[in-house]
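Shared chain: chain A. Partners: chain B in the first complex, chain C in the second.
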Partner chain A sequence: MKRTLFIIKLIFILLILALAIFPVILSSHSWPVVSRDYLYENALSDTGAVNTVSSIYLGYRAMDTLGETLVLLVSITGTMGILINLGRENEEEEAVSFSLAPEKRATNAQRTHLLEVVASKLGPVVLLFGFYVMLYGHISPGGGFQGGVIVASAIVFLALGTETQTKLTNTNVLGRIESLSFLVLIIAATSGVFFESGFFGNPIKSGSSLSANFIILLNIIIGLKVGTSIAVMCIAMMGGRRGH
Partner chain B sequence: MTILLLFLILALGSFALLSRDLLHSVIALSALSMLSALMFTILKAPDVAITEAAVGAGISTIIFVWAIRHTRRRSKD
Partner chain C sequence: MVIERILIFLLALVGFSAIVGAKNIIKKVFGLNILNAAVVLLYILEGSRIGEQAPILGEGVTTIVDPVPQALMLTAIVIGVCVTALALALAVRLYKATGSLEIDTISERLRSEH
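And now, the complex of A and B:
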């Protein structure tokens, strides 16, 4: 404990020293403007996006976005594997409430009136806001990933707050949506190859009024993928794995 | 305003590190990500702010609370 405190103190001292020194170092260099000017000139016509941020993360750096979704897919797969195996081990000893069926669970273990009242009313509003962020990601701040995470928390709210099981909180349906949207993402990524714009290129000729639609499509697909996969993981963690 | 937010974030982070109850730490982390989302908005990065608010305050808090609920404490204090 003493040793940890000493290390924490040392790190704090280093941070404060860095805070004092960094402005002195940074002020002698001028701010780099080359890439900013290049993006200001060419970004919209290169990728067919409507604003510069989405032109970067779905145009120039689209491979990054694909990598992010792959990382998410792998981590969700690992989590689900661990959860399924743990549930199998715990089937004999029922005292550990890991992934118990709802009727075996102790009453009010996860459901209080407060949670029900707040979460079930908040869920639909958050869901609507998530789809708004997802669909308007090409002209306003936001985008597929952000909207997808908001949709995921809305689905978790709905799963926590309502007694009735709907298709929206069914892990089978959500898992299918996830894998389908990943397939469509790969197809949409390769579609640029056949229109002379390369992997993840915009297949619609830039300059026409339709070219932003590719960005909207990618936003929707990435949002569905991210949202459903995180929702599947959270619902499986809370013990609602069995479909209804 | 930014300096005030930074000091609040620092205080919340230290509280999350040093607190003995893990649930208190998680709530402090959630408040920390709300404050940093506010700071991203002030620094004109609204999409980073949306991500921070959704991931930090929403999903990760749920996952942390679930993990604390399903693990057992070893030390007695």
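And now, the complex of A and C:
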């Protein structure tokens, strides 16, 4: 009885969903080309970025990006607030490392030599690649968010692998970098108001020969913010606040 | 053309049924992620109908895809990550409080405490 009720519910839900989604599946209406053509002709001269996606989310619709970073900030605040009481309360400033001592590795099934060796060697390389993606976001695929996520994975690699204590895996240091980069983002967003180019306008348009300078600046700030906040969340979820 | 949409619809159904049907909290979060990925794929697919090349201007680039859905989906991916992190943190708290990730066991144990 309970099972048939469940099946009836499931069929009902599928029907409702199909009703909502079938117009999308069966639609033969062609995708509008107006915005594509406009961006193809004007995006480079308007914002200076070759990558049109960058010129949208850091040029035309930079306010969206501010909201997005706000969402990320709220999310990391909530996550840390939920997770913070899990461990012991020690606020000492120490770097976090999850690597096992060499004599314990042979007996641990999940943490072998392989993970320790590979992760610690891979960390700096991935960090460099993350900064490359972040800095070249205006002329190639990539940008602040993508580079930031790669930086975050590099920090997780460093936390997993190295026995040497790096400051980069300390949640206090990462949290400070994050809040500082958010402050710089707000300053950069409002500074255009004082230079007669409006909110999120380019305040350094005339002072430089590089036309995409403001987009590069925003990419670096957003990359640092995203990278450090996701790294802080990952380290907190691995139990980094507790030490060991 | 319709085939890809139907495949994405099936992917969305997989995610939706995981959210509705799975008893494990972690599987529910996975379902949320799959649903998110299906929506992202749908937008990218529809935006790519009017061109062949990536939206990066340069020499010899004539027919780019629509960059607007890609910029929108950037937002969607970031917010998906935020939602996943919050949900997993809540799951960790629930596991610490009740010792289980199955929703039936959790509700049973919470009821027996009161």
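Observations on the model:
Here is the rule we go by: the second predicted complex is superposed on the first by the 177 of 244 C-alpha atoms of A that agree within 3 Å, B and C clash if a C-alpha of one lies under 4 Å from a C-alpha of the other, contacts with A are read in each partner's own complex, and residues count from 1 in each chain.
Here is the rule we use: a residue touches a chain if its C-beta (ideal position, glycine included) is under 8 Å from a C-beta of that chain, and two chains touch if they have at least 3 such contacts.
No experiment lies behind these values; they were computed from the predicted model shown.
Judged by the touch definition given at the top, the superposed model places A:53 against both chain B and chain C. In the superposed model, A:237 lies in contact with both chain B and chain C.
In the superposition on chain A, no contact is made by A:193 with either chain B or chain C.
Touch criterion not met for A:7: it reaches neither chain B nor chain C. Taking chain B and chain C in turn and counting the residues of chain A each one touches, the greater count comes from C. With both structures placed on the common chain, the touch criterion links A:117 to neither chain B nor chain C.
After overlaying the two complexes on the shared chain, residue contacts for A:70 are found with neither chain B nor chain C.
Contact with chain B, but none with chain C, is seen for A:150 once the two complexes are overlaid on the shared chain.
Touch criterion not met for A:210: it reaches neither chain B nor chain C. Contacts of A:141 after superposition on the shared chain: both chain B and chain C are touched. Residues 53, 141, 143, 145, 230, 237 of chain A are contacted both by chain B in one complex and by chain C in the other.
Partner chain A is touched in their complex by these residues of chain C: 2, 5-6, 9, 12-13, 16-17, 20-21, 42, 46-47, 49-51, 54-58, 64-68, 70-71, 74-75, 77-79, 81-83, 85-86, 88-90, 92-93, 96. Chain contact summary for the complex, chain B toward chain A: residues 17, 46-47, 49-51, 54-55, 58-59, 62-63, 66, 70. Of all the residues in chain A, the ones that touch chain B in their complex are 8, 53, 97-98, 133, 141-143, 145-146, 149-150, 152-153, 156, 230, 234, 237-238. Within the complex formed with chain C, the chain A residues making contact are 10, 13-14, 17, 21, 24-26, 30-31, 33, 35-36, 39-40, 43-44, 50-53, 56-57, 61, 64, 68, 71-72, 74-76, 78-79, 82-83, 86, 139-141, 143, 145, 226, 230, 233, 237.
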